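What follows is chain A paired twice: with chain B in the first complex and chain C in the second.
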Partner chain A sequence: MGSNGKIIRKKDLNIWQKAYLTEIFKGLRLTISQIFKPKFTYLYPEVRFKPQPSFRGRPVLVHENGTERCVACGLCSRVCPALAIEVQASETELEKERYPIKFEINMVRCIFCGFCEEVCPEEAIIMSNEYELVFTSQEEAIFGKERLLKSTEEMKDRLEFLRAHR
Partner chain B sequence: MDNVYLVSVVKFVMYVAIVLISVILIGWLERRISAFMQNRTGPNRVGPFGLLQILIDVVKLLLKEDIVPKSANKRIHDLAPIISIAVALSTFAVVPFGNTIEMFGSEVKLMIADVNVGILYMLSITSLGVYGLTLAGWASNNKYSLLGGLRSSAQMISYELSMGLSIIGVLMVSGTLRLDQIVLHQTSYLGGWLPAWNIFLQPVAFITFAVAAFAETNRLPFDLPEAEPELVAGYHTEYTGLKFGLFMLAEYSNVITASAVIVTLFLGGWHLPYAEYLGLSPFGLSILQILTFCVKVALVILFFIVVRWTIPRFRYDQLMNLGWKVMLPVAIANVLVTGLVLLVI
Partner chain C sequence: MEPRTDEVARKSKILQALEDQNTSVTLDDPLENDMILNMGPQHPATHGVLRLLIRLDGETVIGCVPEVGYLHRGYEKLAESCTYHEFIPHTDRLDYLSPMNNNTAYAMAVEKLLGIEAPPRAQHIRVIISELARISSHLMFLGSLAMDVGALTVWMWAFREREKEYDIFENIAGARFTTSYTRIGGLAQDVTPETLAMVKKFAGELPGYLEECERLLNKNRIFLGRTDGVGVISPEKALDLGLTGPGLRACGIEHDLRRASPYLVYKDLDFNIPVYEGGDSLARYYVRMDEMRESVKILQQVLEKMPAGEVHAFKPKKVLPKKDRVYTKMEELIHDFMIVNFGVEPPVGEIYSAVEAPKGELGFYIYSHGEGYPWRLKIRSPSFVNLQSLPTMMMGGLISDVVAIIGSLDPVMGEADK
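The block that comes next holds the complex of A and B.
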């Protein structure tokens, strides 16, 4: 294919193109010029990829001034295709009346589909931009409330994205 | 008399050390440059700029199990990489890397073996290199290895001819088979300013020789013996550990040798144009000339690497077409024209 999208047949080549050499030098010029172009690779441990708000990283629970938004309705646990979420409800004196006494996500099972975020009526469980998840044991991979809770300020970008695009 | 042997031994040890170190450097350079061309960074963790990566790889290869297939011919399977590496290292012996130098009260020629038929020695030894690949392919008892070995022998025969014929042009111009004399012949100037390098006297021979050198070293536009998409890894499919490492070492040594031969025959060897007018002491001039030789070889090696990532692999029939229908007639025509011109002059 030529630069204008037309197919070039062998009989259409001129004498220089048939003689290989000039075309080879054109190719060499292209590859050599690529050497000095900027690199796409991140030098990972030093430079880290910062995902956009639309990125679906690990799910987190949102809290406002220390109280989680979650009302322990159990919809996320119900919709989770990998059965990764476990919620146990309990009563509270606050206006919302219910809160999760136990909220666990098994990060080995989680497939980052984002169904929990979609189904949540309180915008309490949302996907964050964290993607570095390394565990050395099965127990360590089960995230409890203390590791899941993030403040609304921390999750501002994602919350704004959800409000604009959902 | 003893002194002569001592000098030869010193030169030999230095040469092997230099070649092995430069193989490491070239391996690193090739991986870095290929990465840069694809907008990647390449190995950059081990040592400064990743320079020690290949050293680590060698350690890794040392620790790997040496697997010989059950149905393979064990003795030939062991012998093949040894042939490859021995041939690759011994070709360099006749290449002069500097002018005659005065050292410790005696004249030392800066080449390992001063053979009076240097070019013939070089041609015959490089054509032995194909035995390493063919035997490796045959002894592995694997269809891919066998095809790789067969291809390498066919390719070697097709390109050896045009390689030899393109050298004839150089021989006719310089009138000698000694490589140091060929370099000395290139140190004069054409019309008082252009260095009389054979690339200017024999441009067609230079191109045919360079293309044939790519084919002889099995480098990318002609790396059919190990064409990955077709033959898994070609002749070294069944090799692991250090024996595989020896094949790699042989490939890179071949690249160094081919570059050195191209520099010697066509690019003026150790000759740095106008350096004799700088007014340096003879010893300083010799050092400068050795450096010039190294820089020239490095540039040609760089060219080898850049070409590898530019030109896609030839199809087998295209390879044969190019070898027999293009390269051979061009090389013969070059010999004829050179002869006619020499007759007229």
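The block that comes next holds the complex of A and C.
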């Protein structure tokens, strides 16, 4: 059954509460007591927010000793709900046979959903912890391979998190 | 530009003729004493882009027509060209104050269509995230209602609590706002024990903070004056208009889908459904305050019961396979490709599945032709339906109460406009 507490309505107030002045002082006491509590906010540019490994920042490509893991299968670009990824495949002499000759993510389109990371069969694209993305033009926001690639060491936290929790 | 001289001459001639004959001109005003006021869509107090056309007699509202659609993004149509998986991020953007609830509702609808179920751990986590989202939505309500009637302090306090919740969401899902956390057949990722500890801490502390807010509001003459007996709707009318959620429960009708048709693990949990009489803004405020406390109770119980295990159902061809299998096994790799490229293919048929979202009944109706895309996806969004009852609540009220009534109904336009 429902819980039926009583609603305090206007007619239920006693004379002091109706007079309001005492209530103002009670309220002020409550708000002033907040001053002595620790600060909840932080001053942003000086103090920066440190994301957890679970954080989905901008997507990056992972490389191992300079070779990207990506095999240009195009799955990430298929799943991307924002149509932000463009992959062009080419062949290589390496064991993986294929690599992306062109890999672009439009960071203005990206909605940081993490789907690309979720479907990639090579653990080649993952979400980093970068959240400060500022651009002055549309072109600048299209990240090519040179800006997307990060080494496995740099992305260690996220990779470990993914292995443990996915 | 100079007016044409012949026109000026003509006009002065008419005027002269009127003056000469001592005529008087009366104009029929179709509105008589009434005034039409256009409120929104950019009004800061209409909670998004809601536009209201209000007809006033003096200061009394004698007519009101809500106009929606300023945030229409065509999600129902868009869904027809998305695979079931691709549509998940779009559900975040319906009721953006409780994205977790939308994620859960959508995933459950597709699961019902596919005839699968998420594993127990995933179901428990879904209850946790739904209740956290309910609290965050109601905190937003608390803050904005208080602000609408002039109390800014509570807004700040409510936002502080919401911020803590967003930290939890960030740990659970990786994003604070657009979570996209549930998947068909499970969840995107497992939660860590530290996150569960955070939830526990939050649930333990919240009632204290709520009480602080209540001490500022419950016996405040101004707050009561602005909400007591304002925006009344009768239970019969509320049922007729399809009002659901806290608005309906404030009319004395005990209807909550968590009880009426239990989903997830709600039937094993012990909680009350707060019901109040009166159907006014004050009753709606009381219902929501109590609901937050009930949510805390639910959170604590679920944390106790949390089972171990997978968060992803093992259903090849229906649910995305687990990552470590994709890396090592050919079969799973193929499934990964098939599901992403062509979508999961549910049987032909239609389903309707609804959950109790913070604002009312959030339902998804899916009609499938057996393809990877829904043939039709209809979203029964509570805010859209609840807005219907706004004119009834406003009728006879004062213009200054309009804002407070909208605040007490708590619509979210992202959801109302879809």
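Convention: the second predicted complex is superposed on the first by the 136 of 166 C-alpha atoms of A that agree within 3 Å, B and C clash if a C-alpha of one lies under 4 Å from a C-alpha of the other, contacts with A are read in each partner's own complex, and residues count from 1 in each chain.
Rule of thumb we're sticking to: a contact is a pair of C-beta atoms (placed from the backbone, for glycine too) under 8 Å apart; a residue touches a chain by one contact, two chains touch by 3 or more.
Remember, predicted model here, so these are calculated numbers, not experimental data.
After overlaying the two complexes on the shared chain, residue contacts for A:G27 are found with chain B and with chain C alike.
In the superposition on chain A, contact of A:P81 is made with chain C only, not with chain B.
In the superposed pair of complexes, A:F40 makes contact with chain B and with chain C alike.
Between chain B and chain C, C touches the greater number of residues of chain A. When the shared chain is aligned, no partner comes close enough to touch A:V134: not chain B, not chain C. Of the two partner chains placed around the shared chain by superposition, chain C is the only one that A:K18 touches, whereas chain B remains out of contact. Shared interface residues of chain A, touching chain B in one complex and chain C in the other, are 27, 30-31, 40. Residues of chain A that touch chain B in their complex: 21, 24, 27-28, 30-32, 34-35, 37-41, 43.
Those residues of chain B whose C-beta lies close enough to touch chain A in the complex are 33, 36-41, 44, 207, 306-307, 309-311.
Within the complex formed with chain A, the residues of chain C that make contact are 82, 85-90, 153, 160, 163, 170-175, 178, 180, 188-192, 212, 215-216, 218-222, 224-225, 228-229, 249, 254, 272-278, 282-283, 286, 290, 294, 320, 322-324, 326-327, 333, 336-337, 340-341.
Interface residues of chain A, counted against chain C in their complex, comprise 1-5, 7-10, 13, 17-18, 20, 23, 26-27, 30-31, 40, 51-52, 54-56, 73, 75, 78-79, 81, 111-115, 118-119, 121-123, 127, 162-163, 165-166.
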